[in-house]
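Everything below concerns the one structure shown next.
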Amino acid sequence: MRAGRHLRLRRRLSRAFRLVCAATTWLGCGLLAVLLFHLVRDGFGRMNWEFLTSYPSRFAAKAGVKSALWGSVWLMGLTAAFSIPVGVAAAIYLEEYARRGRLSTLIHINIANLAGVPSIVFGILGLAVFVRFLAFDRSLLSGSLTMSLVILPVIIIAAREALRAVPDSIRQAAYALGATRWQTVRHHVLPAAAPGILTGVILAMSRALGETAPLIMIGALTYVAFVPEHPLDPFSTLPIQVFNWASRPQQAFHEAAAAGILVLLAVLLLMNSAAVLLRHRTQRYRRW
Amino acid sequence: MSAPKSLSRKLTRSAREEAVRGVLFICALISVATTVGILVVLAREAAAFFEHVPVADFLFGTRWAPLLEPRSFGVLPLVCGTFLVVAGSSLIAIPIGVLSGMYLSEFASDRVRGIVKPVLEILAGIPTVVYGYFALTFVTPQLARVFPDIHIFNAASASIVVGIMVLPMVASLCDDALRAVPESLRHAAYAVGATPFEVSMRVVFPAALSGVLASFVLAMSRAIGETMAVTLAAGVTPKLTANPLESIQTMTAYIVQVSLGDTPAGTVEYQTIFAVGALLFAITLSLNLLAHRILRRFREAYE
Amino acid sequence: MVMQPPRLSPHGLTDHARASAPPAPAAAGAPADGTGEPAPARPVLETRGLWIRYSGRPAIQDCTLAIAEHRVTAIIGPSGCGKSTLLRHFNRMNEFTPGVTMEGQVLYHGQDLYDRDVDPVEVRRRIGMVFQKPNPFPKSIFQNVAWGPSINGYARRSGGKQALADLVERSLRQAGLFDEVKDRLFSSGLTLSGGQQQRLCIARALAMEPEVILMDEPCSALDPASTARIEDLLFELKERYTIVIVTHNMQQAARVSDYTAFFDAGRLVEFGETDQVFTNPREKKTEDYVTGRFG
């Protein structure tokens, strides 16, 4: 019968379609495997203790990531110090205090837009405001302030979601006892939202760790042979060092770049695993 | 029963509450200040730039040579370079992303989801310098085996890695969009004897179309703003070409190039950073707004 | 209901309250505490011509009502009649809902609760609330009860941590929960059963040493055994506190309350002593409701 033949064809088409979808999905995963394999093959041999403890050098064999690693550590620390309090505070205001109105919607749209702006534009802003106008020059201070602006929208959005997830019944119970809004937020809402906020913060920081363009804009150096000691010192970071080595033609520098990438990925893996574990734990112990 | 104690406000507590509210409000305003800052900075320096260079020359000129003599400030080669990379990356990210999204939402078991979703998250979290390195040391040599005349720096390998970078976003957004389509629609389609392919393509996909389209627009916006991978892989030679095997320069790569050099403030070269930056900002902002409008219409359909 | 604002009489009872709530010394009969000496029932809370609207739509219409001290007043009526809205108005909890507007007055010992100078925080310390679904904080049992007083500086004012611990124990005893939890005061409040959690919420409210306790259908989410325990509690609590309880369970209202207010579609239909409202209602609608003909 005609219908029968058509049905067979349709079924075959459907199966083929499903196969194509599956194949493309696994292709995506396969790409990751290729990438990692390639990196490990290139860089693993180069990884040793000296690599972590030497400064960069004109000689590829002697080059190390010490200054870049410390630069990244400093940068992450300062960025966290600026962006976390401000981001969480802004989220608290928007979720707990602000009246739903024009100003609140405006701020919300604004944050959503900022989250989509290319990071290099923040670099341009940082160059004009922190490096030139405030004369912080090409220092860790400029870099961390710029990077804080980059990840601030990310932190605010994540923190707002965490605050929103706290059930309203807890707030009502606290207000009914005669607590002020800040007492309620500080003693009940914030502690309840803390794991979610922390997860978002970790993810935002891991994004900051990998960012390069804004830091180049504000003048982070690509060749640094010292460890920064002061927020006004110039600096370099791990991704910038990798960029520097990768741009050189010599194969030996490429190997150094690969090794640097492995260090970077190792740190990122740690941070993201911490975030995932945290997310799992809170979802399991959430008892409301 | 004694008279109730005073119910009026305690001054110290009110003052403290107001102070807290004030501090929190200022923090919320910092995000607004950031946007204002970006607009002011870009506008001021771009305005100074356009005093030297006519806007028409900038927007429609076909030669970009701000640092070499004879100088020319036509931005089209940079735009063309960006466009080439975006087009190439969309060719990779969009099909793979949509099909992956469809697989994840329509066919995949929970176990498969449990593997694929984290893999996609990892792909999305890898820093862009890593992709740039990958382009330079793996993709270009592989491409050279197929196209022996390819340049070391070329748009194609940059497109490929940017595509890989962006595809998790497309897959994830498409997955969300498809899952948001109510089960009842699928059940109705199956009930009239449609095959899974027909249900997906004829019923679910059209219903989720705006979400899917929004994901394309956001992916393109992200690709436009991509910096380090294209700087490493695509080169620093601005030229107007449609050939992906040549080296080109994108807007973002140009901005990085100037920053890496020593350009004194106040010169026209310095101001080109802001002019090109303003153009970049305008393009990505428009795309983001477009995507959000599409998304908003999509949400209205289901809420 | 009477349209002009009632005048305050020397006894503190408004004219209207006197009309609808029998003067307790004369007609109350045997008082609940059985001491043979009828306690004077003065109004702690009153509403006068109260209208409450949600975005223009009236939820409570022209309500004038007096809540007597040291008594249990029940508010009954079909779903959606505005009972909870009225209750929440007594401790200014409606302020957290956007779009709520009001006309008229709510008085607490004669003082307008919604006056501009009045701090809602202070109001809520004197007028506590227990919610329909138990909502203990995700903290330990001790902290649940101790938090309210401690943010008020109770420990500082009353002699240190020991005083706070004593307060916690007293409150838990008053709520009938202490013996069950005394060995695990520092485990999470969420490990308790539903009935226990609600008693924890009652203890939490009691720890603030309020004058009035508002209860919004406190037993509707509980099993009959827990419900019975809480109802027993109310008999003890009313010796010290004034209780207003919203309930959709008529039998419960008949069992526990001294006065009953019956609302329908936002209007106060009838208010009086519970016995009278249930056995000899003045209004037909009341009779229909309490006999189960509607609602």
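Odds and ends about this structure:
As written, the chains take the letters A, B and C, and residue 1 is the first residue of each chain.
To be clear about the criterion, contacts are C-beta pairs under 8 Å (C-beta built on N, C-alpha and C of every residue); 3 or more make two chains touch, one makes a residue touch a chain.
All figures in this text were calculated on a predicted structure; none of them were measured in a lab.
Distance between Cα centroids is largest for the pairing of chain C with B. Closest to the middle of the protein, by Cα centroid, lies chain A. When every pair of chains is scored by its C-beta contact pairs, the maximum goes to A-B. Chain centres here are Cα means. That of chain A falls 15 Å from that of chain B. Averaged C-alpha coordinates put the centre of chain A at 51 Å from the centre of chain C.
Chain B and chain C have Cα centroids lying 56 Å from one another.
Multi-chain contact residues of chain A (touching two or more other chains) are listed as 180.
Listed for chain C are residues 121-123, 126, each touching two or more other chains. In chain B, the residues touching two or more other chains are 13.
On chain C, the positions that touch chain B within their shared complex are 42, 69, 108-109, 111, 113, 117-119, 121-123, 126, 211.
Against chain C, the residues of chain A that register as touching in their complex are 99-100, 167, 169-170, 172-180, 183, 187-188, 192, 287-288.
On chain A, the positions that touch chain B within their shared complex are 10-11, 13-14, 16-18, 20-22, 24-25, 27-29, 31-32, 34-35, 38-39, 42, 85-87, 89-90, 92-94, 97-98, 106-107, 110-114, 116-125, 127-129, 132, 149, 152-153, 156, 180-182, 206-207, 209-213, 216-217, 219, 222, 239, 242-243, 246-247, 254, 257-258, 261, 264-265, 268, 272, 276. Remark: chain C residues 91, 93, 96, 98, 121-126, 128-129, 131, 133, 135-138, 147-148, 151-152, 188, 190, 201, 204-205, 208 touch chain A in the complex.
Considering their complex, residues 1, 3-4, 6-10, 13-14 of chain B touch chain C.
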